[in-house]
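Order of writing sets the chain letters: A, B, C, D, E, F and G. Residues in each chain are counted from 1.
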Amino acid sequence: MEALAHVNYWAAIALAMIGLYAIIAPSNLIKKLIGLGMFQSAIFLIYITAGKVEGGTAPIIDAAYEVYSNPLPHVLILTAIVVAVSTLAVGLALTVAIKRAYGTVEEDEIVEQDRR
Amino acid sequence: MDAQAQGPRAIDLYVDILLIVLLVAAALVVVSLRNLLAAALVLGIYSLVMAALWVVLDAVDVAFTEAAVGAGVTTVFMVLAIAATGRHARVTHRRPWLPILASLAVGGLLIYGTLDLPDFGDPQAPAQQHVAPHYLGQGEAETGVPNIVTAVLASYRGFDTLGEVTVIFTAGMGVLLLLGVARRRRMDARDDE
Amino acid sequence: MMFLAATAALVVTVLLALVRAFLGPTVYDRVLGVNTIGTMTVLLIAAVGFLMGRPEFLDIALVYALINFIGTVAVLRYIKRGRAQDAGEAP
Amino acid sequence: MIATHLPALQVALPLIAAPLCILLRRDRYAWAFTTLVCWGLLAVAALLLDRVMSEGPISYRLGGWAPPIGIEYRLDGVNAFVLLILAGTAALMMPYARQSVEREVAPERRHLFYAMFLLALTGLLGIVATGDAFNVYVFLEISSLASYVLIAQGRRRQALAASFQYLILGTIGASLILVGIGFLYAKTGTLNIADLGVRVHALGEAPAILAAFAFITVGVLIKLALFPFHVWLPNAYAYAPSMVSAFLAATATKVGAYLLLRFVFTVFGAPFAFGTLPLKEILLSLSLVAVLAGSLAAVFQTDLKRLLAFSSIGQIGYLGVGIGLASVTGVTGALVHVFNHALMKGGLFLAAGTIAYRLGTTDLSALNGLGRRMPFTMAAVVIGGLGLVGVPVTSGFVSKWYLVQGAFEEGLWPAALFVLLGSLIALAYVGRLVEAAYFRAAPADAEPVREAPWAMQLSTWALIAGSLYFGLHTELTVGIAERAAAALLGAP
Amino acid sequence: MTEHLVLRVISKLLVPPILLFALYVQMHGDYGPGGGFQAGVIFGAGLILYGLVFGAQAVQSVAPMRLLVTLACLGLLLYAGVGIASMIGGGSFLEYGALSADATHGNHVGIIIIEIGVGIAVASVMTIIFCVLAEWR
Amino acid sequence: MRHALSLFAVLYGLWLALSGHYTPFLLAIGAVCAAFAVAVAVRMDVVDREGHPIHLGYRVPLYWGWLAVQILVSSVRVSRIVLSPRPAIDPVLETVPASQRSDLGRVIFANSITLTPGTLSTSVEAHGVEVHALTRRGMEELKSGDMDRRVSAVEGEP
Amino acid sequence: MILDILSWISIGVGIFFVMAGGLGLIRLPDLFTRLHAASVADTAGAGFMLLGFMLQAGLSLVTLKLVLILVFLVFTTPTAAHALAHAALLGGVRPWTRKPKDPAP
């Protein structure tokens, strides 16, 4: 059991690495945004894991429970999720505008067109 | 609840691990899919599994948001944008050493950092000690709201939430400015050819 | 214990559906996989809610049941519109 | 009564003004309203700086909750000074905005443009004013999102691609900062910056703190656009609308420098960052490369705005040098340079915008003979350029003087040498501008150009004149910066 | 897609309960998971479902873009306005306790009002983004 | 108007079912919220016989009971096919006649077909429903018209 | 006690159907046949599982919400499946038949 004490962090690390790779490697702008979403949620996992208390329950006060998980990371991540979706919306709108201006959403082709 | 009697710790952990396996599987699928629409759909699944994981980790408000946002509207927006830009990503993996290097660097640093973090669920962890007990202990009395997440969100850290609303407002107006109102004339776009 | 079994079964089913979403071959198969995962996750969240001993959080499952439907409708609408240029993918 | 609420108003005012601006709808009203708000902000910032200087740090409790529980605004010399720079440049640029925006932005979207500008300003002010680490992230994202949108408003399509690139890099940077804050929180249980400082110090060299430090530093460096994280900057500044280039060049990277100062000195502490970790070596070498590479790249540009953008990369290097020296003199130099560079680069980008307003291009070949055709604007360009070089009498000289002095104090004479070398290279690119404007004849078929409208001249010259004034009267800026730097470093 | 009979009928059936559910989430954020943001998203999702089935134009005829933009502004202003009101009430910015003689009660009232502001802003922004992206050709 | 009022009643009932907190404030705000939802729905023009079919009345629960049994039976059947080593499937795509007079009735019929594992409606036309069935036997059962008659009975007068 | 056993049985049946549906999703040859399998998991599987949960929860608000979820699923899953099949047919996906050589009926 003790060996698994950090399993959530390992998952978060794996997801962050996958996400970062998915941001930088592909040429397609939408795939980059998808990678960005995964990268951000990996970070959320680190926060929420840090807020979990053993045997605790959701931080909604009720006479039946005594141990609650830490509410602060939840609040921070709620805000961060909103930020993530806002960034995504702006990114998608930019992508659509780029498609209109360049006729493509592949980074390589955009760079190529700008060089000409 | 007979499940409780058998030791919540063990059950939490089993479910947690099951979900994490799913999560990583979904992430790998997203990265390997070339069809953008499919990738967007599986990204929705990834969010959704994340939402289930949040429930296990007691973050029900976050789970609620993730289910509504990550798996819902995000997917819809993605699909709409893909509809406007085309469904297939080109197969170009240029200079693969840079992304691999970057993700290895970040991954390595994360491993280094997280090894030092308190164990999963440790009630003695510093994060659980300093300000959190105040919220849990005084929150309901001070704000009259039993859901401490709401109390912290709206009152103790109300200014963060004002910022959050401003972010989403910025995004809305930004999208409007980028695509909305009248069609933008890009006369200069021709000159560049 | 039954809840744990249910959770495990649901996770396995989600994995199977994920395989389907990954393999395709048509985009409709992927939508089907994703849609099934959606329903399974609604159950999963409900089961986990019971498992954690606080089943009053079923609102999340309810939200997801609704959101899943909207997502599917969105995708199908897009496929309909985008049919002209790229219909079904080659299997 | 209102005096006690000044810190909150500093950020809340533009935040409230942005939606009002959209509700006004008519673009002239929106402009007038934005101008009013910006000047109001300048007044607030001036009052705050005055109070901080006379009474010491101010703490303001948002929501009325005591600091580690709630969010606190904590103003000391450093952030009051940076707030003044932000509000000042915004206010001085507003007269310029009306005509420039009318030329570059479609009528039906102008009110949205001004609202977005106010939101960007809100974000930047919020980052600087806050005393809470997570609040920094939230306001960082407000300013970033607004900046992405504003940059994308450029008339050429490259603006869109540049904005997207910035969005990706900026979001990665912000996410890294978020990870860092998460680690800090997991180890200390607090988010308040002052509280963090105390608790992080008590923890010593824990690996998680080291990782947090690395993540936050890299994240901030991306926002600061220090070499090698500068890739987003040239295109973003070159293709954004004139107004936006000028505003962002004058403010956004300065806020990055502020964040670096704040995290390195207040949260982690100089002994940790420079003693335990080799931040000094890393930061100095990166910054010196930035100075040389940025300036050299500027020499070979064929477009005025791109030239200025690359010169910014070099100038950011100077900020890095000052922070990397980690001495009172060095940090003073960096802070003074933040101020001076905001004035000079803001003025230069405004002048470039004026040229674009009249000529429709900022290509260097179009500048030929412009010294006679647009004498005031070109004079502004030359004076600003000399400031970048660091010629005595201009304010650029003052900051470089402190940097060189700081380098010698630390016995790092190669650093001093590089700073001087950077100035020489700057002389080369400014020389190109002078040559084109004054020593080349205008093409024979050139259409007649008039000097720019007076309102645009006013803003440009206000900034340039400011940079001259503060080159001669250094006691104000240097005085404030020295006290702020001493407070940051914890020196008596 | 209006010609798609099953989808049309079922959507007509589902949209009102979705809207009500959003309002329920809005008002019960104090007691259970949820709150203004989630409610706004769900309300937006209801409108999005309507828009997906009947077309974005139909959403525009229910809630014209001008109205949506105004609502987004008003939502943000409502939130910030509570902050200003608590300043006038003698507290600091966003100190809802100053809104009422009893600090706890004031806090509760303040939380409800700002959550409504959040909900309005988020719902309208979600709908705006949907309409803009969907109407793009 | 009748539909709007009844929708209000249904939504308020839904509110009470969801809420679980019966303070005067929440009861009052519930009424306001239900009224607001109804107002938006009316503005969307979704409150009519299709969108809010109150006229079906008590017949629906009875029909659902019958349908549940059907679902159970055919689920077992399909599960057996799926789990058998060599799935004995013989898919067919045919049109089944539908006797319902309203769109709503046809939608109920089509969805009932889809809900029952083994049969799947793919298109609703004026006088029939195109159905894909996993086995020929499933199709024959559907064609016998039992479900069609029951749905028509539920639908009542158009 | 009886309720407990009933609910366990119900959940067990639900597990069976869910797994069968999932297997069918992998094993069956084409989109339409897989849709049938998915509908086993979506309707029977979900129904029994939710029924089991309801029996666990007893007569309370939780049960009411589970009923709501069930009703919601009953409305949405067939609609989604129908829309999917409709779109697939329009999109040119031909159903698999016993003798693949023959054209679809």
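One rule holds in what follows: a contact is a pair of C-beta atoms (placed from the backbone, for glycine too) under 8 Å apart; a residue touches a chain by one contact, two chains touch by 3 or more.
Please read these numbers as outputs of a predicted model, since none were measured by experiment.
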Legend entry - Set of chains whose contacts include both subunit E and subunit A: B, C, D
Inset, instruction - Compute the centre of every chain as the mean of its C-alpha atoms, then state which one is farthest from the centre of subunit F. - result: D
Inset, instruction - For the pairs E-G and B-C, output the one whose chains share more C-beta pairs in contact. - result: B-C
Inset, instruction - Give, as an integer number of Å, the spacing between the C-alpha centres of subunit G and subunit F. - result: 15
Inset, instruction - Go ahead and note the Å separation of the Cα centroids belonging to subunit A and subunit B. - result: 4
Legend entry - Interchain centroid distance [CA atoms averaged], subunit B/subunit F, Å: 35
Legend entry - Whole-Å separation of chain centres (CA-atom averages), subunit A against subunit F: 38
Legend entry - Sequence positions of subunit B contacting 2 or more other chains: 8, 58, 60-61, 63-65, 68-69, 72-73, 76-77, 80-82, 84, 86, 106, 110, 114-115, 117-118, 125, 127-128, 131-132, 135, 146-147, 149, 151, 153, 155, 157-164, 166-176, 178-179, 184, 186, 189, 192
Legend entry - Residue numbers of subunit A (touch at least two other chains): 20, 23, 29, 46, 50, 57-58, 60, 72-73, 76, 78-79, 82-83, 86-87, 89-90, 92-97, 101, 114
Inset, instruction - Please list all residues of subunit F that touch 2 or more other chains. - result: 14, 18, 20, 110-111, 121
Legend entry - Pairs of chains, among all present, that meet the touch criterion: A-B, A-C, A-D, A-E, B-C, B-D, B-E, C-E, C-G, D-E, E-F, E-G, F-G
Legend entry - In the complex with subunit D, residue positions of subunit B that touch it: 106, 109-110, 112-118, 125-132, 134-135, 155-160, 162-164, 166-167, 169-171, 173-174, 176-178, 181-182, 184-186, 188-189, 192
Legend entry - Contact footprint of subunit A on subunit C as seen in their complex: 52-54, 57
Inset, instruction - Over in the complex, which subunit B residues touch subunit C? Could you list them? - result: 1-4, 6, 8, 11-12, 14-15, 18-19, 21-22, 25-26, 29, 32-33, 35, 37-38, 41-42, 44-45, 48-49, 51-52, 55-56, 58, 60, 63-64, 67-68, 71-72, 75-76, 79-80, 82-83, 86-88
Inset, instruction - Spell out the residues on subunit E that touch subunit F in their complex, using ranges where they run on. - result: 5-6, 8-13, 15-17, 19-21, 23-24, 26-28, 31, 50, 58, 62
Legend entry - subunit A-touching residues of subunit E, taken from the complex the two chains share: 31-33, 37, 129, 132-133, 136
